[in-house]
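Chain nomenclature is as follows: A, B and C, assigned in order of appearance, with residue numbering initiated at 1 for each chain independently.
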Amino acid sequence: MQLTAREIADIVGGTLVGNADEPVTGVSGIREAQPGDLTFIGHPRYLAAAKNTRASVIIVPRDLVVESPHTLVRVDNPSVAFTRIVERSAPAPVRPTPGIHSLACVAPSAKLGADVAVGAFAVIEEGAVIGDRTFIGAGCYIGHESVIGADCLVYPRVTMRERTRLGQRVILHSGVVLGADGFGFETIRGERQKVPQIGTVELGDDVELGANSCIDRGRFGKTRVGKGTKIDNLVQIGHNCVIGEHCVICGGVGIAGSVIVENYVTIAGQVGIAGHLTIGERAVLGAQCGVARDVPPGVTVFGAPAIPHLQFKRSAVYTARLPSLVAKLREMEQQLAEMRSQLDSVK
Amino acid sequence: MQLTAREIADIVGGTLVGNADEPVTGVSGIREAQPGDLTFIGHPRYLAAAKNTRASVIIVPRDLVVESPHTLVRVDNPSVAFTRIVERSAPAPVRPTPGIHSLACVAPSAKLGADVAVGAFAVIEEGAVIGDRTFIGAGCYIGHESVIGADCLVYPRVTMRERTRLGQRVILHSGVVLGADGFGFETIRGERQKVPQIGTVELGDDVELGANSCIDRGRFGKTRVGKGTKIDNLVQIGHNCVIGEHCVICGGVGIAGSVIVENYVTIAGQVGIAGHLTIGERAVLGAQCGVARDVPPGVTVFGAPAIPHLQFKRSAVYTARLPSLVAKLREMEQQLAEMRSQLDSVK
Amino acid sequence: MQLTAREIADIVGGTLVGNADEPVTGVSGIREAQPGDLTFIGHPRYLAAAKNTRASVIIVPRDLVVESPHTLVRVDNPSVAFTRIVERSAPAPVRPTPGIHSLACVAPSAKLGADVAVGAFAVIEEGAVIGDRTFIGAGCYIGHESVIGADCLVYPRVTMRERTRLGQRVILHSGVVLGADGFGFETIRGERQKVPQIGTVELGDDVELGANSCIDRGRFGKTRVGKGTKIDNLVQIGHNCVIGEHCVICGGVGIAGSVIVENYVTIAGQVGIAGHLTIGERAVLGAQCGVARDVPPGVTVFGAPAIPHLQFKRSAVYTARLPSLVAKLREMEQQLAEMRSQLDSVK
């Protein structure tokens, strides 16, 4: 990579402040940057870092006051602008070669679209359908009669059990398990009898599902995830959940069975949601919260059990005040005693 | 599916209330149901849904008062009855074909029972023993000298390390890892030295283990799970744990090393249990609780650190009362001040 | 195994107390031990167990007062001593046979060192480099241009995506996913646009990573784990994290993106850390805590949100005192009322 600050400003449509000829030979995060690096800040919280970084050029928000000895490039969206330069400097991405690897195992009745790529030791069972240009990585298992749309990326070592379905442009990261049995049992004399799990799983267009995440098949009917929803690693979604469109679900989240999550919901890391609840549109569930009742649309909740944001904050403030409360109580007790003795002497 | 309400009542041994000729063409959850569907409710919490559902016929508990315009079928156990109809309507389940796939890799000294099915790209190492009618899915790894009972289902992409053992009718879902090394280190001058983990893992009859769950091998001796215990997805069980019989362990639970969980214990989602503790028979651990000391038999705990149910509830009530407490304190303070000035004027 | 207590004391360099001829035929944990077993205690918390165990010989800390009818062997480090005997009694460990399995798929341009072992159905892509004596288990996927040091153990069914790197003597347990895309999106009109994740992952020497754990590749640059750090099962480390040397990270931990964890940090089970934070050297994060701001070096934190240990303890003590506080308040209220009426009568 050999660019000047001026060239970078031109590429990203930014305004240059400082040395136009400043040479840039690499890209880096603000804290790890070395001389010659381009970096960026997207948020005022990094203003101190922008002052101290060893980077040569920083992409910054257009209207942020930045005290920095460095050359700046001002843009509307620093993250997007930075990505643009990063992609120029990155090694060529690894692209799957279209075609079925000679060591893959594709059933005769499976239907593969145009330019499908299937890696070594992948298994595609009878009746499966794979859309055009979709990539099935090495060691994947695509079960009987499963259907995958066009332009999907199914990374190595994913399991899709029988009759599960993906829309278009879905990304499944390595280790994903789609369509394992839901966790359903009848208790008969203290012992658990398995309830058959004969439904399926269906993921909408543009869904992304992180490494080692699991979505169970429905007991009957479908476990569904709406289009555009992005799910991080090690997430568990129980049987018969209906997850809406354009949601964000962070790492380590666990959602029990039959939960409805409406559109545009944000679920932070390690949240747990009990079964059969409804999370309303645009609700936000704070990290690690434990949701034990329905959350209305637009509401932000925190804590375990989860309560509305302001209530949670107020409760935290009061809890923090407990020591001073106790001190006050002691003081008042003493005053009471004094007054009592005064009162006795007056009588 | 073409049944009448009368035929459904006959199949499940239920009492019909309403239109005996009501045609049923599908099955569905109460909230997603369409006209022509059969659905069910098992719990009064769904009474409102039973009133509003678009389903044509509802299976309900025999003695529940249900206000609904729909045709009802009254039974003792609606969930079991519904399952019976669902299974009739389901597509034929996918059953593994007995035999060893030509692309599997089975060591010469492995012993396979009658009617065993082994999928493509599965590896069965030297000295392993597989019971009659057991299914080993595609891409599984069964380590040296591991022993699997009869009628087990080992779904695609499971790892069983060397010398691990399953009883009869065990189900391992995709992504399970059995017998990875326990997390054991000696700290020597601040650095961690690995402690050899040379024990094994043993699962009793009828155990089910969810997708991407892990049970570590013992440091020495065995990590054990008793018969009939059901474990959900993404659960971690540490080395040398002894889990009892007929327990239920929900998704995302983490159990550190050398924990004893006695029989019939219920562990809700995302619970954490510290090492070397004992959880008594029939104890119940509430969702997300953090168990830092032994739990006596039969006790229900909540919270982090986990405390008995009633204590937790009382604590929550008091915490919720904090704002009114503070208000009361202020009021009393003012009264005190007033009285003091009165007292001064009296003196 | 056929040893006497005397022989065991000699092997571990311990002091014998009791019957030198006591025969030992097995090893076991203190609670499961049977007559004839050797066991050990490393901590006073097991003193009661040491009294009641059925073991024949117990290895104990040299200076611990142990009341026990059993023959004792006193040593400096009972755990290490016990391990020494356990290893003698264990079945021979399963060692991979050097060589490339005939059913592995190794790209022509991959470079394999001396005595490398590659299992069946493993895939090693173009440009990958594998160090001397390293073991790549069955069904592993080693991506394009990934580099693995010498003497590593990569257990069956691990995924290393393209351009990820391991130092020497690294251990990856089954189900690990290294280098999946970081969870990065730009929100554009409520919908999430994927931010390219074109960095890599780099693990230092002697790192161990537990079953089904995931470390995401950097958005740009590297997600890094320093030498000697040990990570348990089902842990998630987000993109661009920099984890220090000789840390311990227990099961179920989730670390969001761009977190810095300095050297010698201990992170207990199921902890969550929000993005862009710094955890100072030798800090200790208590089980299940939720870290929402930087943790200074050497500080121990607990709770969610995480606060310093003493503050957390004090807060818990105050919360526990709430019922007595309320009682006290009531009592004072009554006293106030009494005094008021007295005061009124005096006036």
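Here, a contact is a pair of C-beta atoms (placed from the backbone, for glycine too) under 8 Å apart; a residue touches a chain by one contact, two chains touch by 3 or more.
Values in this document were obtained by computation on a predicted structure and should not be read as measured data.
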- Query: So which chains are sitting against subunit A and subunit B at once?
  - Reply: C
- Task: Same or different, please, for the subunit B to subunit C contact, judged on whether over half of the interface numbers appear on both copies.
- Result: different
- Message: So the centre of each chain is just the mean of its C-alpha atoms; given that, what is the distance between subunit B and subunit C in Å?
- Response: 24
- Note on the structure: Where subunit A touches two or more other chains simultaneously, the residues are 121, 139, 157, 175, 212, 234, 252, 270, 288, 304, 319, 322, 325, 329, 332, 336, 339, 343, 346
- Note on the structure: In the complex, the residues of subunit A that touch subunit C are 27-29, 31-32, 45, 77, 79-80, 83, 86-87, 90-91, 93-94, 101, 103, 119-121, 137-139, 155-157, 171, 173-175, 208, 210-212, 228, 230, 232-234, 246, 248, 250-252, 264, 269-270, 287-288, 304, 319-320, 322-323, 325-326, 329, 332-333, 336, 339-340, 343, 346-347
- Over in the complex, which subunit C residues touch subunit A? Could you list them? 105, 121, 123, 125, 139, 141, 143-145, 157, 159, 161-163, 175, 177, 180-181, 183, 185-186, 190-192, 194-196, 198, 212, 214, 216, 219-221, 234, 236, 238, 240, 242, 252, 254, 256, 258, 260, 270, 272, 274, 276, 288, 290, 292, 304, 314-315, 318-319, 321-322, 325, 328-329, 332, 335-336, 339, 342-343, 346
